[in-house]
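Structure incoming, see below.
Order of writing sets the labels: A, B, C and D. Residues in every chain begin at 1.
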Amino acid sequence: MALSKKQMITLFTNLVRADRFDKMFYARMLQGKLIGFYHPGEGAIAPGVAAASFLNDDDNLSPHHRAHGMAHNLSKGIDLKYYLAEHTGKETGCCKGRSAFHFSFPEKKVYMMSGFIGYNFAPVVGWGFAAKRRGQKQVVMNCSGDGSYGQGRAHESMLFAKTMNLPIIYWCENNGMAIHSSIEDMHPTKDISSLAKGFDMPAIIVDGQDVFACAEVALKAIKRARDGKGPTFVECKTLRFKEHDMGTKDLKGYRARKAEELDPMREREPVLLATKRVLKDGILTQTQIDAIGAKADEEVAAAEKFADESEIATPTVEELMAAVYAPNA
Amino acid sequence: MRELTFIEAIREAYIQEMKLDESVFLVGQDIRGSIFPHTEGLVQQFGEDRIVDTPLAESGMYGLAFGAAQEGLRPVVDFMFGGFTYVTFSEVSITTGQYHFLHGSQQALPLVITAAVGTGMRLANDHAMSVHSTFCHHPGIKVVMPSTPYDAKGLMAAAIRDNNPVVIPWHLGLMMERGHVPEEDYIIPLGTAEVKREGTDITVLANSVQLKNALEVAAKLEGEISVEVIDPRSFEPFDMDTLLKSLEKTNRLVIVDEDWENCGFAGTVSARVVEQGFDLLDAPIIRVTTPNMPIPGGYMENYVAPNPERIEAAIREVCA
Amino acid sequence: MALSKKQMITLFTNLVRADRFDKMFYARMLQGKLIGFYHPGEGAIAPGVAAASFLNDDDNLSPHHRAHGMAHNLSKGIDLKYYLAEHTGKETGCCKGRSAFHFSFPEKKVYMMSGFIGYNFAPVVGWGFAAKRRGQKQVVMNCSGDGSYGQGRAHESMLFAKTMNLPIIYWCENNGMAIHSSIEDMHPTKDISSLAKGFDMPAIIVDGQDVFACAEVALKAIKRARDGKGPTFVECKTLRFKEHDMGTKDLKGYRARKAEELDPMREREPVLLATKRVLKDGILTQTQIDAIGAKADEEVAAAEKFADESEIATPTVEELMAAVYAPNA
Amino acid sequence: MRELTFIEAIREAYIQEMKLDESVFLVGQDIRGSIFPHTEGLVQQFGEDRIVDTPLAESGMYGLAFGAAQEGLRPVVDFMFGGFTYVTFSEVSITTGQYHFLHGSQQALPLVITAAVGTGMRLANDHAMSVHSTFCHHPGIKVVMPSTPYDAKGLMAAAIRDNNPVVIPWHLGLMMERGHVPEEDYIIPLGTAEVKREGTDITVLANSVQLKNALEVAAKLEGEISVEVIDPRSFEPFDMDTLLKSLEKTNRLVIVDEDWENCGFAGTVSARVVEQGFDLLDAPIIRVTTPNMPIPGGYMENYVAPNPERIEAAIREVCA
């Protein structure tokens, strides 16, 4: 599926925005201006943008945890200022300042994240089931890392999706690492997507540094799902430039990752590649690109202002206790 | 008065709620063929879309229910045996309990988890264990357990209508008990205990199959010790008022619960009573629970789980 | 690997014994002379015999739950009278009468069963790990049903086995059913062993009614594992003649299984097939076969006598409490 | 006196036990690279065969440990965070706890489960939850939790030498605490509480990070209320004798525990004291626990978990 000019601009814009948000989060974490964890996204933000940029509001999205799903969420049309406010413990946060780094945007069908890697595999089955039952051609975009496919939950999820012919896309953002572990040590085959063979599920492997290539594959898998043809496995081969999460050493196994390994990666930085491409293809001019960057900076600054000016959430224990259960009408 | 068995009463609640609300559906393993009679014939009546059998994979099965609830459906997910919830425990406990609250109380998660539990069939620990204390420990999940056919229908209907995750295990020892069950639709509000027998000397708090045992002992002791018997029916939320009111009269308490002693429901109630009603107590609170051993499946099952003899001994000790 | 005459006689003898024990358990359950569950083995006892008949004492075995692993256990050299005693709640039972239908024969490296289908997949990883670490070429025979491969635990187990090159045989006794569910409704591919492809693990499919064919495959997989070549997936296509467990209806989905389905199955009864074969190949004479049957009957009768004459286990609660923890020296 | 941090003390126990016994090994995710400093440098010292990193799959990881223990090895399995044990919960709770007993007490299962737990880092419920009550509830598993570097080394060494499954969570809030740790090898027998401060007016039972808080409050109240502070150190088995002996003197009890109120350790101790020492009590037992809500990760973490203010208030209430 060739991308339209408009689609390419959307992808490029979202990619730039995701990159700026990730850098802002990284910088704030260093300054002690975020609470909880941060898992930096540098190098790995293209698959999320591609997965989510062309979903409808009523399609389900489970973002990957890297960069805390910001690439995915902003591409789905979610205003990240509420997430930054959450991540700074503010009342205006998307979870009322209760969750530290979790999120929830049910109006956009992004329901949650959880601290258990692989948690996504169970609920996507229910979303796919509900979508099929409604018959309105919604799809479920289920994004997670290579590591998450170690979990047995992945197997159960794919088993259900294929057996029940559910419209779920298994979108694996394979950066070749899980914390310090490299995939060569932790997975027996070259490609994680070999798992799809076990279920006779179609699988596609794509360059995860190329947002446009990823988007073409995403559109194909989304169309299959909308057409009632069931699940697809997509493996985006991507990279991780930084440490797993801030505060954890950047090791491979138990040895520091070397410059020889990291330097060539940087040449495959997704914004860099996308910029070359839009210029080469005449999709955007340098002036337009600069404008997109400037606008992203403004958006980021506005989010910071919003979060910083919001009140810290300090409800009473009684108020919190009253919020544990949903009310009954 | 129309009588049904306990398990038929649960089935009637399913039928009633599925008729009232299109979004209610059942999911489990082999429920179309009805491992237990509560799903007997339901697939013929409601179709395969609403009586959903899944592969032998509890995370996928529960995920189907959990995700469907986020999508506005109202699943009842049947784990067959209570212990099988442990196979997908991060989901059923933490992820479920925190969904509403941690994400800013934006969205309800209306789902029901049900399963058979209990000793009596010599199936040993992994099939015989209770699960209500475990679920009570994890915030954000309601936990109820019926002891009569009437309560089974009313609590199941209330659980299905509740906007929160509700765990409702049922005891195998009650499956074929008969009792009055009205045909019309009714619910028993979650969080309401019931005084099942009035008395003045001592209060016995007992649930599920142990309520039966407690009532049997109370009847036996009639004339000698006047025993008030309360069924909590709901463990979380728990109806403390009914219990404290009873203690104002009796000043003595025995708590009977088939779950393990350590970190179990009985200990929690005892501690709460001590905190909130210490001055009401004329004697120590004694608990009759399953001792802290894996539940054996052999003949020792009879005397390891609480039974009428142990309940009577506890009552006599507290009243001595 | 062609079987020797001696091997064939061993297999035939164990098959007959397994069949008699299964029938005795079935009959006793009907008479109320067993406690707990019984999952009848009729039609499905050949794979267990084949899997276990040529294991060494220090190889690990996790029996399938059908027929409560009796085919496997007797083939491993375990005296089933202690299991019958257990299943009747007697003090002489293998678990001191505490477990109802569970078993444990640690001296033969059959450690346990559990009520959670799929429970086997986790511990076999540790047995394989220990075997590899010792370097004494022990193998792990991991038997379970088609249904059990729905569990995510199966995925994790195979992932570990292949990644760490562990000597584990995934021996799937596929009877096409899990309680009432038929595999066509619950698995997306024709063969369960397609799952092995996901891990690049070799897989073999074999006729599970033919104990000799199964044994040839078992020997091949065992040899691979002993030679340090890692795990193998073996799928034995077998049958279930009776209901799932006694007391549960015999349905497929929610309809009674029909005579048209069951009758042709009986023609593929494993003892029947094996008898034909040993006669045809001149491995045994009818007289010898009758003697094997008579000896098996004696063994069964002796087991019943042992169990029936043993005392019911009624230790005190104090005695039981004292047995919860293993002593420290 | 040589000082180590709490986490270095755990590391020293690992080194000591691995040197003493070839069958001891560690297994977990990314422990070679040491997510937490207790495994720092161990792979260089002991090699990849004894410091085993696994794929991101808790059932497989725990299965490796469990099966290896059946094979006579002595694994320490590190779940990183306590909540991650829930991902393979049927294994870590029921299958583990029943293995020895249900199968006729034929074979020991010597393994150690460890993980970080606790509030203070704003990681929210699934990373911050306690797990000790949950494990106590399931028979056949020992559960201990150190509060000082000295105890951390001694309890970890004892856990590794024990012939049973032992769960030993450690609190993130103690990770960098310094204290005296002897170089020589020693153990603290599982099941022994310790009076960490003597007093005569009231007993406070507090563990892990809450012991620190309790000692701080006790010091503050010196001259006004004389507070005896006991660290259970071991939840299961629990040292009831030390507690009852203290109550003979003080007749008042506050129990502090960071786990949830409902079906938690604090409730169990309260109920046991009422059963076994009712006449010793001059006032209600009050518990200071985490209220029954999913643990928030935001700024409310400070006042939702037990803290010195809440402990002081409870002491004053019981002594009023």
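Simple rule for what comes next: a contact is a pair of C-beta atoms (placed from the backbone, for glycine too) under 8 Å apart; a residue touches a chain by one contact, two chains touch by 3 or more.
Remember, it's a predicted structure, so these values are computed and weren't measured experimentally.
Common partners of subunit C and subunit D, by the touch rule above, are A, B. Relative to subunit D, the chain whose mean Cα position lies farthest away is C.
A straight line joining the Cα centres of subunit B and subunit D is 30 Å long. Averaging C-alpha coordinates per chain places the centre of subunit A 40 Å away from that of subunit B.
Averaging Cα coordinates per chain places subunit A and subunit C 45 Å apart. Taking the mean of the C-alpha atoms as each chain's centre, subunit B and subunit C sit 36 Å apart. Residue positions of subunit C touching 2 or more other chains, listed in rising order: 93, 98-99, 102, 114, 116, 150-153, 155-156, 159, 163, 185-187, 320, 323-324. Subunit B has residues 54-55, 57-60, 83-84, 86-87, 90, 94-95, 98, 101-102, 124-126, 139-140, 292-294, 296-297 in contact with two or more other chains. The touch graph of the protein chains shown is complete. Those residues of subunit C that touch subunit D in the complex are listed here as 93-96, 98-99, 102-104, 106, 111-112, 114, 116, 119, 121-131, 133, 152-153, 155-157, 159-160, 163, 320, 323-329. Within the complex formed with subunit C, the residues of subunit B that make contact are 29-30, 32-35, 43-44, 53-60, 81, 83-84, 86-87, 121-127, 291-294, 296-300, 303-304.
The part of subunit A that touches subunit C in the complex is made up of residues 150-156, 159, 162-163, 185-189, 194-201. By the touch rule above, subunit D contacts subunit B in their complex via residues 83-84, 86-87, 89-90, 93-95, 97-98, 101-102, 124-126, 129, 133-134, 136-140, 236, 260-268, 270-272, 274-275, 278, 283-287, 292-294, 296-297. Of all residues in subunit B, those touching subunit A in their complex are 49, 52, 54-55, 57-60, 62-73, 75, 88, 90-91, 94-95, 98-110, 139-140, 142, 161-164.
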